Amino acid sequence: PLEARAALSPAEILRYSRQLVLPELGVRGQLRLSRCAVLVVGCGGLGCPLAQYLAAAGIGRLGLLDHDVVEMSNLHRQVLHGEAREGLPKALSAAATLRQLNSTGQYVPYHLALSPSTALELVRQYDVVADCSDNVPTRYLVSDACVLAGKPLVSASALRLEGQLVVYNYQGGPCYRCLFPKPPPAETVTNCADGGVLGVVPGIMGCIQALEVLKIASGIGSTFNQFMLMFDALEDRFRNIKLRPKKPDCAICGDKPTMTSLQDYEAFCGSSATDKCRTLRL
Amino acid sequence: MAAPMSLLVEFGGGAELLFDGIKKHQVTLPCQPEPWDIRNLLKWIKQNLLKERPELFIQGDTVRPGILVLINDADWELMGELDYKLQDQDNVVFISTLHGG
Amino acid sequence: PLEARAALSPAEILRYSRQLVLPELGVRGQLRLSRCAVLVVGCGGLGCPLAQYLAAAGIGRLGLLDHDVVEMSNLHRQVLHGEAREGLPKALSAAATLRQLNSTGQYVPYHLALSPSTALELVRQYDVVADCSDNVPTRYLVSDACVLAGKPLVSASALRLEGQLVVYNYQGGPCYRCLFPKPPPAETVTNCADGGVLGVVPGIMGCIQALEVLKIASGIGSTFNQFMLMFDALEDRFRNIKLRPKKPDCAICGDKPTMTSLQDYEAFCGSSATDKCRTLRL
Amino acid sequence: MAAPMSLLVEFGGGAELLFDGIKKHQVTLPCQPEPWDIRNLLKWIKQNLLKERPELFIQGDTVRPGILVLINDADWELMGELDYKLQDQDNVVFISTLHGG
């Protein structure tokens, strides 16, 4: 975490006054937010609303990671990037918009793809990680890095008219591998380009994801440990699903882990983390 | 001899695309000598509901990696997985994990 | 509605490609969004995320109504207004940000308080109304105007760590007065300044509100007719509540309505629609 | 003679602030000659749970305007309002309408 502070400034008391009066948060919770560093993996449909509300709420430092540049087809859901940002790296565009919203936070753009050689060092610099990525290899990579670094992971996903959210590696709960020891066959994985997505669905999921990050960072605590939230936008239905506990035989978070370092995730999943067309026909 | 059983079987996260895009199936399982468990239900689904490319849903005698099975809003791992004995009016959900962002 | 169009432009096809592939929306739904006019009553914690996702999705015209100006204490939840907008009318600030996101939409700022003398004429110019206001008199006024003008009303609210959402006056369902024939005693009404609100809670509710507007505008249809969505952020719990049908004896939408025009809502509610300190001690 | 009855009574939207801020109350109603209905439940709540300013919750023999009553996730108007006969394990919610934005 960032350096501890004893008190809020008068400007901070004014800015956050509407949430400081909440007994669940209070000055103590706000001070915790101000010293918390959150890594946002992916500045797309989920990362935009997530980072927007984390910055607004006073998270001290946001790492903004994305290897991609802004395209016009992003703008129906990636609301931090305006038309003028076309062609700019998403990480830089997101940081620029967030600075206009709350200049007291630190925004660290990473215009790169998360890779096994750098992920662990990066994750270690943050307190909470939000997985807003859009492909299977990155989801395994982020989760494994969070296990090895001992960081809670708030993970959301959205496709078509559905969304899912789980908090992994939190308070003794399961990791991504506990739930999904084997990756899905590459030909069963649909991305947003092929399957489509209604823009406000990642909007809703990214906001709920921001809520869970704020609850963890402030000390309120998340209830999504060992729970999955499922959302169906067509039916307007949210379901809370009780999940399995941490698995003793999990390859990375179990009692006798067989994995002690990061691996080659594209080979493991049979798909690429950065291609626009993600399915490798093997 | 197990009595006929009524289940609400649901598919989501894209798994419904293997079932004509229909997410909710009110299903009545016939009487059979053995009690119905998830293992038998998967066979029944393969024979009676699956419309195309069964390998994208079932591999061996279980669901393919990346599909979560939920029994009455709980992960099937908590309920005995393939060996769970189905009860009348159970809700069984097969949900594809989403990766989009 | 705006003028009907026969086809999308190549630029629109590119911009909305990720949602055009959804069979539930398609080109037909997108064309409906492009000719739809939505009135957003209140550009605060709910109105900001709502307007953001409606503009991004391609709603043809957004009316942006708010009598207030941007203050620093708004920025923890009112994410369309940056620090540089302090003191500017919220309606103008919102319109400026939305134009950067999607310049193809029309944004009509109304820097005024909705009043009984102007509300009906205004509401008649729109197809769908989103109530993002923050006080009881305005909620009755908006609902009554929607009944008299025959427009569906998507209404959301948020306070502390809770949110509520209902679609009123839609497909024969109830209006706000059917649910609440009498206003609450003024001393029981808490506003965001007194009660506080975690910023991302209106974020979540505003996004869900945008989803319902988009479903109504595109022809998919909302399922929240005669349903209320309740959200508790502390428990991470959403509940869908079955509501009463339209009431035959409702004063404004019933079989023999006693109200045929708008009334004095501040007197009816015993509170003001625009005071910062809203409770009039009578 | 009605048997004792277990209910989950919940308060929300700010109504919980009249009940020490506690949202969920697992309640056991005593035996009484008449069946328990919502009318009786309101009296019982006023005597046993309400901590302060009862007029902000109850006016006359019903809840004050602006509080919605939900019985098993349905508006009480659909269930008979004050006359609804409570069943064991019912869930009754009193929710203050929110107006913030």
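Letters A, B, C and D mark the chains as written, and numbering starts fresh at 1 in each.
Basically, contacts are C-beta pairs under 8 Å (C-beta built on N, C-alpha and C of every residue); 3 or more make two chains touch, one makes a residue touch a chain.
Every value quoted in this text rests on a predicted model; they were computed, and no experiment measured them.
Centroids built from CA atoms put chain C at 29 Å from chain A.
Centre-to-centre separation between chain A and chain D, using Cα means, comes to 40 Å. Work out the mean CA point of chain A and of chain B, and you get 30 Å between them.
Across the assembly, chain B contributes no residue in contact with two or more other chains. Touching of two or more other chains is recorded for residues 160, 192, 195, 197, 240 of chain A. If you draw each protein chain as a dot and join the dots that touch, you get a simple line with two loose ends. Chains that are in contact with each other form these pairs: A-B, A-C, C-D. Every residue of chain C that touches chain D in the complex is listed here, in rising order: 42, 44-47, 132-136, 139, 156-160, 162-164, 179-185, 187-192, 195, 197, 202, 228, 230, 232, 239-244. Contacts from chain D toward chain C in the complex involve residues 12-14, 23, 56, 64-68, 70, 73-75, 77-78, 95-101. By the touch criterion given at the top, residues 11, 14-22, 24-25, 49, 52-53, 56-58, 72-73, 75-77, 79, 82-84, 100-103, 160-161, 192-201, 203-204, 207-208, 210-212, 214-215, 220, 222-224, 227, 229, 233-238, 240 of chain A touch chain C in their complex.
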